[in-house]
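Read through the structures below before going on.
Below are two complexes that have chain A in common, paired first with chain B and then with chain C.
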Partner chain A sequence: MKLQEIVDSLSLVVKTASAHLTKEVTGGYVSDLLSDVMANTKDGYVWITLQTHQNIVAVATLKELSGIILVNNRTPEPDTLKKAEEEGLPIMVSSLPAFEIAGLLYNLGLRCR
Partner chain B sequence: MTPYRIVEKAASLGLNIIAICDHNSVENVEVTKRLAKEKGINAIPGIEVTSFEEVHIVGLFRDISSALRIQDIVYDNLQPGENDVDAFGYQVVVNENDEVLGFNNRLLIGATNLSVSKVVETIHSFGGLAIASHIDREGFGIIGQLGFIPPELNLDALEISRNITIDEAKKRFGEYSRFPWITSSDAHELSNIGKVSTGLFMEHSTFDELCLTLKGAEGRKVILY
Partner chain C sequence: MQDKPTKTAEGVFFITGKDFANAGVASCELKSILEKMGVDRGIVRRAAISVFEAEMNVVIYTPAGMMRYKVTPDYIKIVVEDVGPGIENIDLAMTEGYSTASDDIRSMGFGSGMGLPNIKRNTDELSILSIPGIGTTLEMVINIKKE
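On to the complex of A and B.
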């Protein structure tokens, strides 16, 4: 499924790279430890986290993730937004907690490959 | 941020003591220390270890050999992966003439498999000082990552970053005033060196005096501005 579909179904607020929502989402992952994400994600995954510092963009870019969903209405830091825009990486925000967002994505059929 | 330029900048600012605390590595410390000595600055060998919980802990050591031994342990326990220069930049080892001697291919931005208490214990086993980095920062600060400072963790000091004032820090972290506090620039660029610094009222600019000062021994004091 495409990222746009997820944005629409979950009513996510898109903060960056809104032109890149046509990316194909291959799976999902929930983690707030960057080392864990680096070890365990695959390209195309959407990453659910509450981390807002700019290192999340470096990790997401490195692993070619399709986008980042921030939970609990977390606000990305200015440097994070800037880097994400430069990298064409969509950062989306939800008011829901990670548990519920993951559940909703699972209901849409998303899995970790 | 070459050894030469770091020392020149520190000297121009009148800093007496600096510490080189690269992420998970110590390979540029020896050259920096030698250059600093020529300028009358004590460059303390240091390292900033990323624990398994992604807490940053700074280790400061009396000598290079202790720091190198910690580096061995960190290298043995770094989670696997190679550095990606596009994502994280080049990890250079540089000599006193700003010449690149080689590249470190390890994923130094990554985490070790060492728990935060293991990191502190290991630093202490080499006679080092264990300092919780930038406790006010959410990302990679001990309070941000764990929610609190574990009561049995024998940290020697807490570092307040340059991003907040000491007064703000006292309001937010007053419950941790039992620890000595320091503040430092955490400079990742030359322009940030010396942005904040800690005053140390002590006899000499040495590592041993620093240890005594953090304990407040015999009239020595840490002065935060």
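On to the complex of A and C.
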């Protein structure tokens, strides 16, 4: 599944790197602990979190995640936006909480395994 | 048959404590060096996790540190040395979930007590030398050559 399909289905607001929504999404992971994400995600996963600071970009880049979905209408910090744009990492925002986003992605067929 | 680099490389990165704006830069650069050298992707992933955790520990807990690396066709060796407060009890620090991080650090999603265990899981050799009040040296080796 492409990131663009997720953006369309969940009506996400794309904040950065809209040219990179062609990325293939291989699974999803929900966590606000950075080491947990480092340990348990795989290439191409989309990461659901409420963390908005710039270090989420380094984590996503190092783990080659397809993108980050910020929940509960969280606003990414300006430095986060700048770094994500530089790295070509899509950051998307939803008004829904993490539980709802994960459920919707699961229904779309995404898994974490 | 795993991909192996044919050359060797070594270098050093300096890491500044509390500099969250540049936290992760050394890890990202080292990852890209390994990729350019043609190191197997799985090994690059393990190295990336290990160096990120080590780099973040320097940023979070210490005033400064440096990360030296050496890549050969057979192994990647990374030594991270800091001038921080040191680790009082290394066994405890290796326990998943144990952390001495402040609430501020935890609210950023750091300091969950998974850093050192993550490094342990992703390296073939790990040694930690720490003297309270002086600093900590972490030596990590990831083998490229298949046993």
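In this section, the second predicted complex is superposed on the first by the 113 of 113 C-alpha atoms of A that agree within 3 Å, B and C clash if a C-alpha of one lies under 4 Å from a C-alpha of the other, contacts with A are read in each partner's own complex, and residues count from 1 in each chain.
Rule of thumb we're sticking to: a residue touches a chain if its C-beta (ideal position, glycine included) is under 8 Å from a C-beta of that chain, and two chains touch if they have at least 3 such contacts.
Since the model is a prediction, treat every value here as computed from it, not as a measurement.
With the C-alpha superposition on chain A as described, chain C and chain B clash in the combined arrangement. Of the two partner chains, neither chain B nor chain C is touched by A:22.
More residues of chain A lie in touch with C than with the remaining chain of the pair chain B and chain C.
When both complexes are overlaid on chain A, the residue A:107 reaches neither chain B nor chain C.
Of the two partner chains placed around the shared chain by superposition, chain C is the only one that A:79 touches, whereas chain B remains out of contact. When the shared chain is aligned, chain B and chain C each come close enough to touch A:39. Of the two partner chains placed by superposition, chain B and chain C are both touched by A:55. Across the superposed pair, chain B and chain C both touch chain A at residues 33-35, 38-39, 51, 53, 55, 58-59, 61-62.
Residues 20-21, 23-25, 27-28, 31, 45, 48-49, 52-53, 56, 108-110, 112, 114-115, 118, 121 of chain C are the ones touching chain A in the complex. Put simply, chain A touches chain C in their complex at residues 31-36, 38-39, 43, 49, 51, 53-59, 61-63, 79.
By the touch criterion stated above, chain B contacts chain A in their complex at residues 50, 52-54, 79-81, 84, 86-88, 107, 109-111, 138-139. Those residues of chain A lying in contact with chain B across their complex are 33-35, 38-39, 51-53, 55, 58-59, 61-62.
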